[in-house]
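In the two assemblies presented below, chain A is common to both, partnered first by chain B and then by chain C.
Take a look at the complex of A and B:
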């Protein structure tokens, strides 16, 4: 069983921190996905675990052993690279078996293990080919085989699906998940694709500017984003983020005089950012006070409609069922208080609502629509 | 095809044919002159009227030509091999290891290329004498065993080699030695082949250094042998051309064997 413990990890490139103050514990057998935009430090974090980069500070433990000073090949990790990184001059069999050759495994045993892995990955008819003669998906599988043949303690995946077309990516995603279920090896998977992250992860790490924004299950990150960044990053279409403030009676008002519900543990006049998922917004009649919207554009995705609603101050996206009719005239929008996400305007951190009081009607102070 | 583009094509091809002739005619003239009898030496005919092997026979008896060809071959092959080896090690260190002053070292190596042979000739001679390398093939090879040109060519070739492949080998626990010989070198064959040909030809054509270092004709190299036919009383053109033809054969042979890799390396800037 192999857990990975990272504490206060830091990596600088020419004085600029690429990874900063990262504390992370990866459980044994877990499939952890590191997600984030380009340049957020996710690949650097993975490479630090692999040993391909030396940490500037902090500690990495794999299976209880501090590995900071160990060579990449001695850490018990196998890695699948973004561009597969197969040895161009070697056959598929030699590619898969190279680590065993380096480890001094005898030819006969090596051949047996390579064939076992190749059979598992349906590569057994391609063993004599060179990487240049394979399709993208086949190369990807060879890269997987090369990682698997060593029976590593940890699998590291560096955006391994990003060079595949959409269909192949979906099937490889399922294949990797199945393999993980079968082998139960601790896996760390880096991606910038949130669909990949949401569907594959046992737990996710969302990174931004070298720091961890949030760690949790995909549901945690989607339902309780810890910061404005997480809220804006997770979800398609993205969460609507609207500036607002807490008014003197403790209620929440978004820009455009839009009174929203909930009780919040913030002082009056505190600036906030309000998050509303497009699917949580409901169409209503145009209110007498509060923002009046008009339909600007409606995108039909086949499975749902994305309505771009604009008012004098706000531009929001509303997800509607595919059979809904976009309004032709002015309309209002409403959202249940439990579907609101509130973030402190200065720190960007999530603010949880106070538990609702008996008979509390604060959120109902919005105009009533019919 | 428009008149203009046809004219351009004709002009381009004409220029290329002219360039090819410039390169080929002297070689052709050398070979035919080698087969001309003495009375025909200055003839302008394209082919000798009475082709003869007497020039070759004369060369082989007048000087230890075969021995000299052998010496030159050993010296040139050893020099090329040494330059490739030292170039590979230096290029690996400069591209795969990050160390302070790495770029300075690379610049110094590049600058050393600009130092003319005449500057290093005397110190090298003194050193060779003190090491007892006069009249030895080792003495001929050693000062040219490392070449800035070789290092720079291989640094560029290695820079274009995908870094992730090297990292994959590191993940497979391959050490530097294995990464160099089992991963990088097999993929740099075109660059190494062209470098080998160039280094071999350059060493083969070496004249001054052997002239300084080698005192005995039978230990000498073929370029010194050629000079034997250029005397104060006049040049012996027939034997000179025959010796030059013999001296060119190994280089032609080498190029014929490796020409595909050489052209490959000039055509390709990097690995796919």
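Take a look at the complex of A and C:
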């Protein structure tokens, strides 16, 4: 049972906060992914948990013990570094076994445990090599082995796959998930790659400028982004974000006089940001009122088309099935109200729609946002 | 130098000078010429000279004597004493040029700000003092009658020490002065090497549960081994030479040859007694000995030292 509880964690470098106001509880045995753009403080948060950085404020508990003042080696965490940091002068076996050696484990037992781990990671035939003689994927495995050999309570991964080529990355992703299923060790995995995050995470944390934007399952973050930042960060191609406002009769109008549906708990004249996934947009005939679009570019990804649609005010991306024919003339776009994401224009926070009223059309009554 | 120059040199003039690659050699020519005129030629001439007897007067021609110089020198107690002293110089210098600087570099690695500047100044001042000034300085400091050090020793109630006159002590005094001058350089080199160790290795070791001492022993020292070996090699090969100025300025090899090492002896034969043949012979013997040592070190460094790339 190794849960991690973080409260009001803060880390400053020379007066600038790299991590602030972080509250997070990581469940025992879960695979938590920390996602965010470069420089948002992911590594710093991970290193705070590891003990490689000292917190400026706040508290970190691992398995119920406050570890703020514990040395990294005594927190029960093992880490896989981005560039692996394998000891260059030691053999693979010595690299994997170093933690045991330092812990005073006798040579014979040490050798046995190193061999067990090596077998699990298919490194048995490489034990005498130096890290310099290994390929990137093999180094990655050795780094994993070094972390696993102590049976740590927590695994910490700092972008461990970012130095691998795409194919290897995909297979290591699966392998790490398998290992996690097998060992069931609480794991915290940092990445800037949303595909990695979405595919690996039990739950994920999206960070921005040192703060947590949202915590939840990958589906939570994709279907119900808590802020404009989350909405724009998660999903490929990115969600279309369009400025708009609530007009006097309470309806939502996006820039360009585009009337959109839904009922929103906002006062008239409130500025908002409207989010529409590229896949949620539908082509229609050019409307009499509202924006008229033209096709600008069409990218064929093989599995779908990405149509760049431009109007006087808007630039949107529309995802179409491969068999669709991009319109040659002017056209309009519609979106079902249930597929709209609305964010407060000033705070950037999500605004959920009001429940549908009697008399509204049937599709609006489906409880898709609750 | 050659690394940087060669590739472009090969490419560009290849069109002007077809086939034979003259350009690289042209670039190398000045260096090769200097090396030849100032190193290899004198070496060869010394070799010739070591088989002759000559008093360095231009009017006299060197007289060939075969291996006599070698036989005579090897039988000379003076030479044996100097050779043994040379070994002591090296042995005495190693702690000062390697062990202490290594300890200082590692212990001061976390110093910051003002303290760091102070420590650097302290360590580097001896390095920039000219050797002859250092010699004069230490002759004053260690003088038996009015030297500051003996003043303090006497003040503490101990008998004064004849740093330069006592044959049992004089050599170690010279070793200290030579080493005092070297420490800054070694510390600088080791600090720099220590500073370039990837902090990732140290963090990995901390995660593995290693304490400070274990990190030093298992990570830092192996990664510093090329620099350590370089310093050991330099001390062994050149340490005794570096003491020449101090011997020359302070003890003149005395008392009773106690501070004479092989380099000082060579110089004495050549320029005090004008026995060019003997001087050359001592020089060639020293050259061969140290040349073999250098080869040994090169082999060792390939085997032992770890090079991180």
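One rule holds in what follows: the second predicted complex is superposed on the first by the 359 of 370 C-alpha atoms of A that agree within 3 Å, B and C clash if a C-alpha of one lies under 4 Å from a C-alpha of the other, contacts with A are read in each partner's own complex, and residues count from 1 in each chain.
Here is the rule we go by: contacts are C-beta pairs under 8 Å (C-beta built on N, C-alpha and C of every residue); 3 or more make two chains touch, one makes a residue touch a chain.
If you're wondering where the values come from, they're calculated on a predicted model, not measured in any experiment.
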| query | chain A superposed: clash or fit between chain B and chain C? | reply | clash
| field | chain B versus chain C as contact partner of A:285, first or second or both or neither | value | neither
| field | Contacts of A:314 with chain B and chain C, given as first, second, both or neither | value | neither
| task | Share the list of chain A residues that count as touching for chain B in one structure and for chain C in the other. | result | 50-52, 71-74, 77-79, 81, 83, 85-89, 98-99, 102-103, 132, 146, 150
| Which of the residues in chain B end up touching chain A in this complex? | 162, 164-165, 167-174, 178, 183, 186-187, 271-272
| said: Can you tell me which positions in chain A touch chain B when the two form their complex? | reply: 50-52, 71-74, 77-79, 81-83, 85-89, 98-99, 102-103, 132, 146, 150
| task | Using the touch definition up top, name the residues of chain A that touch chain C in the complex. | result | 50-52, 71-74, 77-79, 81, 83, 85-89, 98-99, 102-103, 132, 146, 150
| Parts of chain C lying in touch with chain A, wherever the complex brings them together | 198, 200-201, 203-211, 214, 218-219, 222-223, 306, 308-309
